[in-house]
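Shown below is the structure under consideration.
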Amino acid sequence: MTDLVTFGETMLRLSPPGDERIETADQYVVRAAGAESNVAVATQRLGLDATWVSKLPDSPVGRRVTGELASHGVETDIVWSDEGRQGTYYLESGESPRGNNVIYDRADAAVTTATPDELPVDRIRSASAFHTTGITPALSETLAATTQTLLEAAADADTLTSFDVNYRSKLWEPDVARETLTELFPHVDVLIVAQRDAENVLGRTGEAASIARGLAEEFDFEVTILTRGSEPALAVADGTIHEQPTFEATSAHPVGTGDSFVGGFLSQYVAGESVETSLEYAAGTAALKRSIPGDIAVVTPEEVAAVIEGGTADISR
Amino acid sequence: MTDLVTFGETMLRLSPPGDERIETADQYVVRAAGAESNVAVATQRLGLDATWVSKLPDSPVGRRVTGELASHGVETDIVWSDEGRQGTYYLESGESPRGNNVIYDRADAAVTTATPDELPVDRIRSASAFHTTGITPALSETLAATTQTLLEAAADADTLTSFDVNYRSKLWEPDVARETLTELFPHVDVLIVAQRDAENVLGRTGEAASIARGLAEEFDFEVTILTRGSEPALAVADGTIHEQPTFEATSAHPVGTGDSFVGGFLSQYVAGESVETSLEYAAGTAALKRSIPGDIAVVTPEEVAAVIEGGTADISR
Amino acid sequence: MTDLVTFGETMLRLSPPGDERIETADQYVVRAAGAESNVAVATQRLGLDATWVSKLPDSPVGRRVTGELASHGVETDIVWSDEGRQGTYYLESGESPRGNNVIYDRADAAVTTATPDELPVDRIRSASAFHTTGITPALSETLAATTQTLLEAAADADTLTSFDVNYRSKLWEPDVARETLTELFPHVDVLIVAQRDAENVLGRTGEAASIARGLAEEFDFEVTILTRGSEPALAVADGTIHEQPTFEATSAHPVGTGDSFVGGFLSQYVAGESVETSLEYAAGTAALKRSIPGDIAVVTPEEVAAVIEGGTADISR
Amino acid sequence: MTDLVTFGETMLRLSPPGDERIETADQYVVRAAGAESNVAVATQRLGLDATWVSKLPDSPVGRRVTGELASHGVETDIVWSDEGRQGTYYLESGESPRGNNVIYDRADAAVTTATPDELPVDRIRSASAFHTTGITPALSETLAATTQTLLEAAADADTLTSFDVNYRSKLWEPDVARETLTELFPHVDVLIVAQRDAENVLGRTGEAASIARGLAEEFDFEVTILTRGSEPALAVADGTIHEQPTFEATSAHPVGTGDSFVGGFLSQYVAGESVETSLEYAAGTAALKRSIPGDIAVVTPEEVAAVIEGGTADISR
Amino acid sequence: MTDLVTFGETMLRLSPPGDERIETADQYVVRAAGAESNVAVATQRLGLDATWVSKLPDSPVGRRVTGELASHGVETDIVWSDEGRQGTYYLESGESPRGNNVIYDRADAAVTTATPDELPVDRIRSASAFHTTGITPALSETLAATTQTLLEAAADADTLTSFDVNYRSKLWEPDVARETLTELFPHVDVLIVAQRDAENVLGRTGEAASIARGLAEEFDFEVTILTRGSEPALAVADGTIHEQPTFEATSAHPVGTGDSFVGGFLSQYVAGESVETSLEYAAGTAALKRSIPGDIAVVTPEEVAAVIEGGTADISR
Amino acid sequence: MTDLVTFGETMLRLSPPGDERIETADQYVVRAAGAESNVAVATQRLGLDATWVSKLPDSPVGRRVTGELASHGVETDIVWSDEGRQGTYYLESGESPRGNNVIYDRADAAVTTATPDELPVDRIRSASAFHTTGITPALSETLAATTQTLLEAAADADTLTSFDVNYRSKLWEPDVARETLTELFPHVDVLIVAQRDAENVLGRTGEAASIARGLAEEFDFEVTILTRGSEPALAVADGTIHEQPTFEATSAHPVGTGDSFVGGFLSQYVAGESVETSLEYAAGTAALKRSIPGDIAVVTPEEVAAVIEGGTADISR
């Protein structure tokens, strides 16, 4: 049986090597990148049996995506389509003050037309947990409806539902997002939201703890996690606040850190660990991710444990 | 004054290095690639003053295209747009029996919405020559109308008009193409068409010479060029048939050979050389292109002359 | 249910880029390479549900192997070991007269200690088919015994057994090989052997057809396939000889061609196709492999079909 | 009409990849690098219409230089020569305490024989501004005379003249430099000089402000800019001192920072902006450059504006 | 005459490029790496005439090792063997908290069977100095005996003997190491040991100076050097304590720093310089190494001198 | 004792990767390349003890040259100079009809000022053989005189002298070359000359055999070798003609084939083998070289023997 099913878009990420610029580079490094598949990979590598569900163009470009995900052990359950393109994004990294630059080219991706009747809903119903993010309903009206249906189906089948708000300002306006999201929330058990999005999108104000408590109460989430950048993350569960500081990390490859946090959390929580333990694992996984190129947390349980124990997996010989 | 203006789409071409596969490669080589810009570059490098006109997304990805073209000396006159994407295509090369594989991802490119009122029509009117291809009207209805308008404007201003049929089966059906093209032909002075396209798209039959003559007479072209793969090309001008054999070449990089042929031809014909001389130059440029990575003929007049003289620009020391 | 289980060693192949030399290169390209996993990948890509069974060191180097195989959809069922190393081999490619050069560094690989009690024998028993090669029993005495046991178990469970002689002169002497192999043959249903090995190792003489018939009769194979380099392959089944010529191919990447042939054959034969059809598919897959870097046939059913139909999957646009 | 003409040498820069050493690397990264062309590119990218004038060997190596510059939109107006070589320099970068290492190989470059009669002096006369640096007269006696003539011609035509002292100890002795430079200064409107060079070469002493004022008064510069490494730059114009702090930047790629500062300044000053605004733009451009590989400021006006506003162009999605 | 002979194993080091992971990389960078050859190279580059003695497989892989060492001027005196493999190790580097990861694959290397009768003992006897490390006797019982014999032969011939404890926990247990090492120490003149190893392996306790003095007295070493990571190194000679702080360095490439320290020391001490001068040189060489990829100190005497003088070999132009 | 000393210039060869063009490439592959060092490396690898003598700039760029040569075991005996540059050349390779293109940038190399009094003439006098080529006297008048002196010194000391005419039209005119060369020939024992150079430079006419005989008689060479491209080479010794056909080879990397031929010949002839045997070895080495990137014959005696025996060192496993 599958422990976790995730659903969403995975793009091909095209990046100039090193700190070269998109405009002048002659090669782009290619990687699979998607919030929900990032989570699937992280949980699979950390012990769950994960499946990523999506819709992709039936082409070598689409298979480039599933090949990379499958190399980490994730099962991919794909609607292969003759319509719709493979979404891509261009990512350029530079040191300060240049920073990172992202150019999305994801319109009309095959996944934007995915409907529940072509997706393996039964897998979601029979899985222990289901995870998706706020990116998915933002991609198309069809996907907004599909997300709603899938969450309902999962909730109906007592599959634990997890949802990362993951607001993307290039995809939709805050008020549209809020309206859509609050329709989804009643079917969500575990909510992860950045404090910034809780404020700007969900319209919350006040201290972090009171924001988390407020969301937990309003939507009756089983677990409500508020991430806060380099400040400690907060979780509310059963009315109790848990605080989890970040682990120290240089941050050569920050993209995907949030998904790694979620992946670390779910890998433990779905396996039955406590919120506290799961949060610690989330923070350890996120710290490690920051040292790893690409969007994906190519980590092992031993490495996460070493970070949590405060050590660095440095040369032992 | 500009000698030649070309108009059309230029894509970013993404290719796995060497003979790797799209599906498994971790880097893609990036190059600018478009039939009309290929012609502009070839003519610029071979002596003309060429300008490429188009519409691109206002982003580093769009500037990646103009940067590469400008590096060959071509002037780029661009409508920079906030709407529409940068078209791309994936190209994989392999030895026999694998061959090459092309996956287009060009839908909704910024250029597909280009209208005459935003394009520099006066540059076309004041240039010596204007060139576009059958790919352009195939990309959108808007572009079909724009192509018609630009050809009319050029013809009206006594700018020599050149048109390469360049049929792409992935873009439109033969009968739709025929209808559109035959509306454009009355405004065309120099027509280039592959014999295969003359047969399958334009519905011609018979021997090559009679096909060429038939087209020349029906549409009153100044020059009608029939290309025939590895067999000699034919041109009809003033009722006379000119035959130009291909030069021997291994063919490591065949993509772009046809555009190089057209570029070689126009570089001479627009400069006042005879059809015969221009055809020979076309064949020499095309042969050289087959040894050069990418879509573009990175050649010099000296190199083309050396090929025509039968020599190979081998080590001299 | 699994269609095909294969068992054997997969090495990391280390190759200088392009035609550089092992002795002077500063980078080695890394790929997973093993006769039995090559077959598993080919069959998985061509439609079967394949599992590769083996024993690997529990390290990133071992996971480098499973990651690449899993990226093609193959399930990997691995005994992860703290003892034994990851076998490697150095492969250098050069044009004539240099040729290819192989240096094995596979002694003491973890797999050499694999015993039936730690391997998933039930998966083999419940699969439709089981495949291994003559390399496996050559690697250690333990593996020779294990191979014997696995083939017996498969035969006992009516799992179709397939065996490719694949003689490696660097691993064992011909007479030792013959003795071991002839003890395995009674449990084999499908035998694949190069004519050269049939002569030098199995001591057969005479014309190809009579060699094939002789083997078929002596060991009562269901199918006996004799491969003959660039000459047509022969198969004997039910007393009938089937001849399958090779498809034309330049041969940039010949390593792994034999495994691709076997993979092509089994992908059809296990799916219920005739010997004739399966042989044709084998030859098509093998021809395509010759154009693909690495040991693995990164092909699709559509591509194999195109080669069989005589076409080349060249640019269609 | 051209806004800015620059004149000087551009070398091919050969660098080992990453932090490899010149002595042991097997590949060198190739880039065009020259103080005056760096300025031309920066101003072109930031809004001016810039032309770079020089003399280069008529070869692919010379065209490698113009191709890269033209890719940024700069017009190149070149005397193509059969005599003289393409200057090169080897640059190695390493972290502390290794630092950077530069080996010039620029003797006998084609440009060292450039005389006013072969150069497009009329372009300089008709341009809004003309810029060169102290490197140019240091390269040869011919170039010292040519620099003098060009500055005089520009001044005579009321073209704004800009001059960056850019002292290179490997090219000439301080006293020779001082003598030559002080003959050029009467024709200069905008002087840029590092405080270190003002002291060691021009023999100035005292506080920065008094050095700047002293130079301004002695040579009657319109604008006198004193750069001071990581300390604020000073400008004197109309007797007023303007101070411009540097923007924070990690400094992965410091080579070319000074030219970027000048380019940023001229892009605004030539366009009619105030000294204060131009200085701020100079500092913003210089800060961005430190994050960009190569000698050239591959930046956009939007990026410079973002740095000035204190933001970092980090991921927005 | 050779100044310094070193004896030990050199492996091929295989590293993913940049900060990629072993598990997912498609290329590994190849470098020669061995404690004793690292020392030989450093001393050769810093002025000695050094020879590295070892046993290697007679193959391109073995020659890959000698070729790289010889490129630095070291003479290699090798027993070329048909038995035994080329030891390798996989090294992955990552920023904090990932750190570095080492996977040894050095069992059964050809060198593990090296005996004094096949090695050039006379070269050691006639050299000024002989150096080996605690890695060598840890590799096999044969090598433990060989190390003993070679140190005795050197001592007997009044060749200065140098020994770096270099404890490797993956090769042997502390108590086994202690027993073996203390049998070797009576033949050693210069001992280098990390404080950590002095404590954990040699069982010393107390302050650094008293540990150093204790070792010096017990084994009558001519020079006893205690290295202490980023804290000052200590040396005891003739009863006097010398303290040498480390030079500041970012530490992009720490692997091989210890060997560079020893190489820097011996390059001076063997040439007759004082312990104090030699220690300073050791620290300077070690600091530079931290900026240089690979295990080897690709440095020059001028660069070491510059670091000692406090300068950074930064751009001078 | 040294078997063979060679003297001449070695350049750094800069080549675009694969079949890219000099004009558009962003990286150049770096290799040491020089006729005389190529011969030294080939002979060293094939069994002689070879030393290469030259003068180089005292810089990392100069050491890049000696490092690569030393990696093949050649001893380098260098005058390190503060004056003069490191000669370079740009080499571009392309398939037909493009061919190869060479751009020399070797003027004012440090070696052009090398005089006998700074060179190790005694090494030449004490060596078994001395080899140089017609490139050396062509580089400068100083080198012409030095070449003369070195050949005289060698001849005087009964060191076998070998000379490859190696005419370079970019370095000198045929009649100047003839005059200089014919002054050197009286001191030469083994002459190697291409038939084309014998005709165009030395003014010989007639059949190959009569040209070889004529040269042998006029200058009293011990051995006179006439190479003839893909046709058999001829040697005259003791009045007897020996003919040696070329071995079949694809020719991916032809540069350096002639030097490999000479290296193969001298490796045997200096070791006492017959002219016939030496010629065969020359042809075998040359054929292998054509498959090896760079100028240098990275070959082994076993590989040359395999080619001579008609085999191809193809995969044996």
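All chains are identified by letter, namely A, B, C, D, E and F, in their written order; residue positions are counted from 1 within each chain.
To be clear about the criterion, a residue touches a chain if its C-beta (ideal position, glycine included) is under 8 Å from a C-beta of that chain, and two chains touch if they have at least 3 such contacts.
Since we're looking at a predicted model, the values are computed, not measured.
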Shared touching partners of chain A and chain E are C, D
When you check each chain against chain C and chain E, which touch both of them? A, F
Which one of the chains is farthest from chain D, going by Cα centres? C
From the centre of chain A, which chain's CA centre is farthest? F
Please tell me whether the contact surfaces of chain B and chain C are same or different in residue numbering, using the over-half criterion. different
Quick check: superposing chain A onto chain D on C-alpha atoms, how many degrees is the rotation, to the nearest 5? 120
Distance between chain C and chain F based on Cα centroids, please, to the nearest Å. 46
CA centroids of chain A and chain B: separation to the nearest Å works out as 44
For chain E and chain F, what's the span in angstrom between their mean Cα positions? 39
Return the residues of chain F touching two or more other chains; collapse runs of consecutive numbers into ranges. 18, 21, 23-24, 26, 67, 71, 101
If you go through all the chains, which pairs of them touch? A-B, A-C, A-D, A-E, B-C, B-D, B-F, C-E, C-F, D-E, D-F, E-F
Quick one: which bits of chain B touch chain A in the complex? Just the residue numbers, please. 14, 17, 21-31, 59-61, 63-64, 67, 85-86, 88, 90, 92, 101, 103, 105, 107-108
Of all residues in chain C, those that touch chain F in their complex: 18-21, 23-24, 94-102, 104, 168-170, 255
What does chain B use to touch chain F in their complex? 18, 71, 247-250, 252-253, 287-288, 290-293, 298, 303, 306-307, 312-317
How about chain E: which of its residues touch chain F in the complex? 66-68, 70-73
